[in-house]
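Naming follows writing order (A, B, C and D), and every chain is counted from residue 1.
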Amino acid sequence: MNKKKIINDPVYGFITIPYGIIFDLIEHPYFQRLRRIKQLGLTHYVYPGALHTRFHHALGATHLMTQAVEVLRSKDVDITEAEAEAVTIAILLHDIGHGPFSHALEHTIVDVHHEELSLKFMEALNKEFEGKLSLAIEIFIGKYHKKFLHQLVSSQLDMDRLDYLNRDSFFTGVHEGVIGYDRIIKMLSVSEGELVVEEKGIYSVEKFLVSRRLMYWQVYLHKTVLSAEQTLIRILERMKELTQAGHDLKVSGSLRFFLYENDANKLLENYARLDDFDIIMAIKELTNHEDYVLSFLSKGIIHRRLLKIKLQNEPFNRDHINEVRHKTEKKHPIEKKDIKYLVFEGKEAISSYSNSEEIKILFKSGKVLPVSKCSDHGIEPRTAMKHYICYPI
Amino acid sequence: MNKKKIINDPVYGFITIPYGIIFDLIEHPYFQRLRRIKQLGLTHYVYPGALHTRFHHALGATHLMTQAVEVLRSKDVDITEAEAEAVTIAILLHDIGHGPFSHALEHTIVDVHHEELSLKFMEALNKEFEGKLSLAIEIFIGKYHKKFLHQLVSSQLDMDRLDYLNRDSFFTGVHEGVIGYDRIIKMLSVSEGELVVEEKGIYSVEKFLVSRRLMYWQVYLHKTVLSAEQTLIRILERMKELTQAGHDLKVSGSLRFFLYENDANKLLENYARLDDFDIIMAIKELTNHEDYVLSFLSKGIIHRRLLKIKLQNEPFNRDHINEVRHKTEKKHPIEKKDIKYLVFEGKEAISSYSNSEEIKILFKSGKVLPVSKCSDHGIEPRTAMKHYICYPI
Amino acid sequence: MNKKKIINDPVYGFITIPYGIIFDLIEHPYFQRLRRIKQLGLTHYVYPGALHTRFHHALGATHLMTQAVEVLRSKDVDITEAEAEAVTIAILLHDIGHGPFSHALEHTIVDVHHEELSLKFMEALNKEFEGKLSLAIEIFIGKYHKKFLHQLVSSQLDMDRLDYLNRDSFFTGVHEGVIGYDRIIKMLSVSEGELVVEEKGIYSVEKFLVSRRLMYWQVYLHKTVLSAEQTLIRILERMKELTQAGHDLKVSGSLRFFLYENDANKLLENYARLDDFDIIMAIKELTNHEDYVLSFLSKGIIHRRLLKIKLQNEPFNRDHINEVRHKTEKKHPIEKKDIKYLVFEGKEAISSYSNSEEIKILFKSGKVLPVSKCSDHGIEPRTAMKHYICYPI
Amino acid sequence: MNKKKIINDPVYGFITIPYGIIFDLIEHPYFQRLRRIKQLGLTHYVYPGALHTRFHHALGATHLMTQAVEVLRSKDVDITEAEAEAVTIAILLHDIGHGPFSHALEHTIVDVHHEELSLKFMEALNKEFEGKLSLAIEIFIGKYHKKFLHQLVSSQLDMDRLDYLNRDSFFTGVHEGVIGYDRIIKMLSVSEGELVVEEKGIYSVEKFLVSRRLMYWQVYLHKTVLSAEQTLIRILERMKELTQAGHDLKVSGSLRFFLYENDANKLLENYARLDDFDIIMAIKELTNHEDYVLSFLSKGIIHRRLLKIKLQNEPFNRDHINEVRHKTEKKHPIEKKDIKYLVFEGKEAISSYSNSEEIKILFKSGKVLPVSKCSDHGIEPRTAMKHYICYPI
């Protein structure tokens, strides 16, 4: 078969599959499954274009990796053919452990973190591919001696972030989030084994950090999205509660596994069959369920009649919360103990930039400094916290 | 509630909801359902970005309608407020009767054409909205005396086509399909009650027709998409065959209705709950079904291991087809009568331009001519036919 | 004549001329002259696409003004027809006083600042147009009682800045400078007579400030551009020196006026004929001049063999400068007193944001705060200074 | 010096200079001169963004050549390093012989065709560069045995056309003219020594031909541009007439050479100094000339008060022309013999596609056919003719 495929990508124009093994991995059902997992969960309820999948993102990040390797080699950074292939595999598979609505599922019915699952998938694939992924796995887990290869896959300026910020901006239509990914890549270099950005790229890095922050407030933590995702979590929790109480819910085979069985030995096999369709289909069926909580919240999701959400910088006043609960209890036929499913509060924090492993700038003089030390703009690690409360209108 | 919503659209930047009733219609579950129906079915198997929905397309066409009304009014075409609202409602709802994978379903388990269903939905909504959609319906079915209003909704140059060509180009990344929708709209006018394009817009119209043709060959009838969609049809046919033979398939409530019950009186109610999720979820469950045909074809769709497809201008030779069948029978454990599910042929025709109701050009002199009579480029109604055969590799 | 013109703009798609008087003003030779004045002077030596003119920028800013007026009116801000027309005229003409390479000329052979000249041009046009520009002038100079109208023309978030940042990003290809002008405009409002941005637009404002800063460092003060512009200043100074010493230089009629005559009464008339062509043509002819300084620097500009430039945060060391001068004196046949034309230093300051008249944010509560007080990102007025030295290689 | 330059191009993002010699050629004054020659002459009078230069186009075509070479090599087409460099040089310099407003000058004051001049420039550069351009010249003039290399530089689908159509669309804002240059390049191949397009690229080729035609009518032969360019020709003719009659016109040194001297031996040297600035500056000075024809036409150009133009498919009626002349004579103080400068007619022909050396399509079967034989769309060589008449309003 001709493995020199070209894929149309509205974001980058054309993506070329760089290696035969990349082609084969893409063809694998584990990877094809990512076609059925949206990158941004329920965000399309606010930004209707945001339907792009983890499949598409993984291809995009792979495309950027090819470019980064080319740029680094042109600057005489030594990257062998085997390493180039391995780092490309690593980025292709970096998110393969993501499930549908990861955030919601990991808080409710799946106990394993998606990064751990990515590794499990890679190891399973490594067996099937007779050890050809070993180097990629070493790079992925940060055990390989050339640290910059791992940093290309996972750091504050990795190909993952460059692609997702770019792609999420593109498909949401939030053009202000667009980053100069091409310029940043052209400015990449390696100094003392670590990934650095050349001095001339400093403004692009600053811009990247600001865009990232803007995307957080405007997209990732948009209050309507937050309301929808928190509701999804409540639905999953309620499903768990009912199944544990012995109720039989009409769900798909794979979702059934996570609700009823959850045997660690069969986890991967079942996880590999779980996607957005299992979750949304289950919720659709629940809109008619006799349990008021389930049908009320499910209708909310399916018909996009979402819980009202309020956001503020300080925690909500206890009295206010109680008042809201009280009102809700009167209007909805639910037991007192179940009010937590209809009225709930929480908080979200955003770290605009972490100083634990900083982006490094390489000056013409050869000096390397963390970006927070050399920007005249004031990049400081900074965390913002928002409190929210959700309740029926 | 504030109904002056602005929606981010990667295609047009911002879409403003022009009327309160448009806002209310969008909020209705009938319309929200379109969020779960992809505009291009399985096309994303070739163009991974093509995940946009009929919901998004309807909003886009509504946006273009607002512009068209504004342009026409600026040229002293008389459009009352009531007409402006009605024509906007008509375009918003023009595709509301679409189901999941319409083409496939309408050939198998749904007997009603989507345009007929659109009308049924509009009538149902008209009741709910106490007659406020009556004028929109009149325009939609072409009964209103101002013919150009209907033509804005449905003709060879309507807002539907302008948006879908534009949007499909955008999300597939086939930039060559991009059309000068903005220029065409600026050039719209009305002459003797009919929608026309001013002389200066003639090249844009030609370009539009060529882009449309390119989109047909490169996207809508892409051979891989064809293979996938034909396979989907075979799966649905097989499901129907088995259910009629008394088998019990694990499907959603709404899909069950169409497979087992199909009572005309409950059609709309069940159709209003049917979307991509019912179909894909059913196919996912069928990958483990004991029927070889169903599990084989379903795995093909879910893991994207599609039937091989060959395309040519002439019908395929009978001997060749028989040979392919023969080979397939040997390799697959199926009965002879079921070979039609694994090996099948067919044809697709494209009319690049129809001369039944032509696009009209308005010359400065006041003269109006059909575009085929005034282009020096040779726009002739022309139909191209392609024959295909699909079979397992 | 049909004054309903539509102009193709690669940046915004289509620009519609909103009023007959705008059409007439565009047609006037004073305004047509802006077609021959590049917005970014010699910046195209670094960014070859940056050839756009002040003419194009003025049209773009006018386009944005039309949108801003529409948005404000939709929020029930009272703007009469006369005011709408006037504020549009004011933005159209806000830069009409710009000459070729304004920065360079205003430091050398033209004594009047371009803003003063803009006003003179407007007054001259007001006479020709029989007083129809009076209100526009009032708004332009900030004398009109509705302060927000002036702020739309001239403030830290005026239509001038929105267009030039956007346009300069576009034509330089520095996509990172792109701002969410459309979103910012949609978020504009008026509170207590002043222009404000609604709360939801705060991230777009932050993004705008960062983009502006990025454009300063990456484009407006790009070191190669700085070298070219400083060289241009030296050429003009040398021309002035020689003409005052009685030399006869081969220059155009209008340039001759500024070098030899400079009679305040004839200033406007001559200035109205001066553009990029007079300056570049003069320099081209000077490449063959017998004066070494003039021919050396002119060849530098024409053949793009620019003086080397070094940039740093601190002033250059006196000894270092003297050493460079010394070396240059040895290599070039010039008198000691003229070394300042070949070796020179200077500094450039950038205020990323000024707190003298801040951008104001309007909260849902009705409260209005300056952006520096409500961003959690740390927008502080901040001035960065760079020192440079230029010398022959 | 670091010759690994990256240039920002709004059209392609980033252009990388592929070879040291390309860098050196770009630095040469012969090439830098192209910075002062607009690609589309006076077209910016209609499309204000169309100010891009032949310099920028040459860089863009060079960028595409790099991509084409890479694609062909990936398909095992043998291209040596020397050939790759040579074909890149050839495309970089293919238009170096263009002067300002080539069309106008070549019909009036310059007797040599720009292609001939390109060759002369290349030969002069070859001397300076000690023979390093010999292979490039062989390819340029079509003498090299690998024909496809010449076809990449000059054929119906060369990198020149791909870039200029793309670039002209971009800067005019006529988005409909945009072509799928990237897709076409990806589809290039070589069969029997000739450049071909793979079967899958056929729709892109069709689209390219339609876009080209659209650009001709909408941009290159836009009637207002035609009027301006024909007026420019009349001005140059009048200048020539007056100078031959002994008048002394105030023009630049290089323009003087072409008007007065025109010694073939000094042609190249003077041509190398001639650019848009000489022409426009001369016309600016002529706006005050005592000759009515010159000052009238020059004011028309400078203040954009262009002659009215009418276009039609048939030649204009003699009586009509005489009537227009008669009216003009009455209104303007000119001699009867000079009426030809104010009222003139002419015609322009467009060949949408020539069948002399066709674009060839390579089928999977290995068969190669000219595109006109394999498109089902009807690509026929077709020539359209338009007649025009210009006269003062």
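Basically, contacts are C-beta pairs under 8 Å (C-beta built on N, C-alpha and C of every residue); 3 or more make two chains touch, one makes a residue touch a chain.
Just so you know, these numbers come straight off a predicted model, no measurement behind them.
Among the remaining chains, the Cα-based centre furthest from that of chain A is the centre of D.
The interface with the greater count of contacting C-beta pairs, when C-D is set against B-D, is C-D. Centre to centre, using the average C-alpha position, chain A and chain D are separated by 49 Å.
If you average the Cα atoms of chain C and of chain D, the two centres end up 31 Å apart. The geometric centre of chain B is 43 Å away from that of chain D, both derived from CA atoms. In chain D, the residues that touch at least two other chains are 13, 174-175, 183.
Those residues of chain C that touch chain D in the complex are listed here as 7-11, 13, 27, 29, 32, 35-36, 44-45, 47-49, 51-53, 55-56, 59, 170-175, 252-253, 273, 277-278, 280-281, 284-285, 288, 302-305. On the chain A side of its complex with chain D, the touching residues are 4, 6, 13-14, 74, 182-183, 186.
Put simply, chain D touches chain B in their complex at residues 174-176, 178-180, 183, 203-204, 206-207, 210-211, 213-214, 217-218, 352, 376-378, 380, 382, 384.
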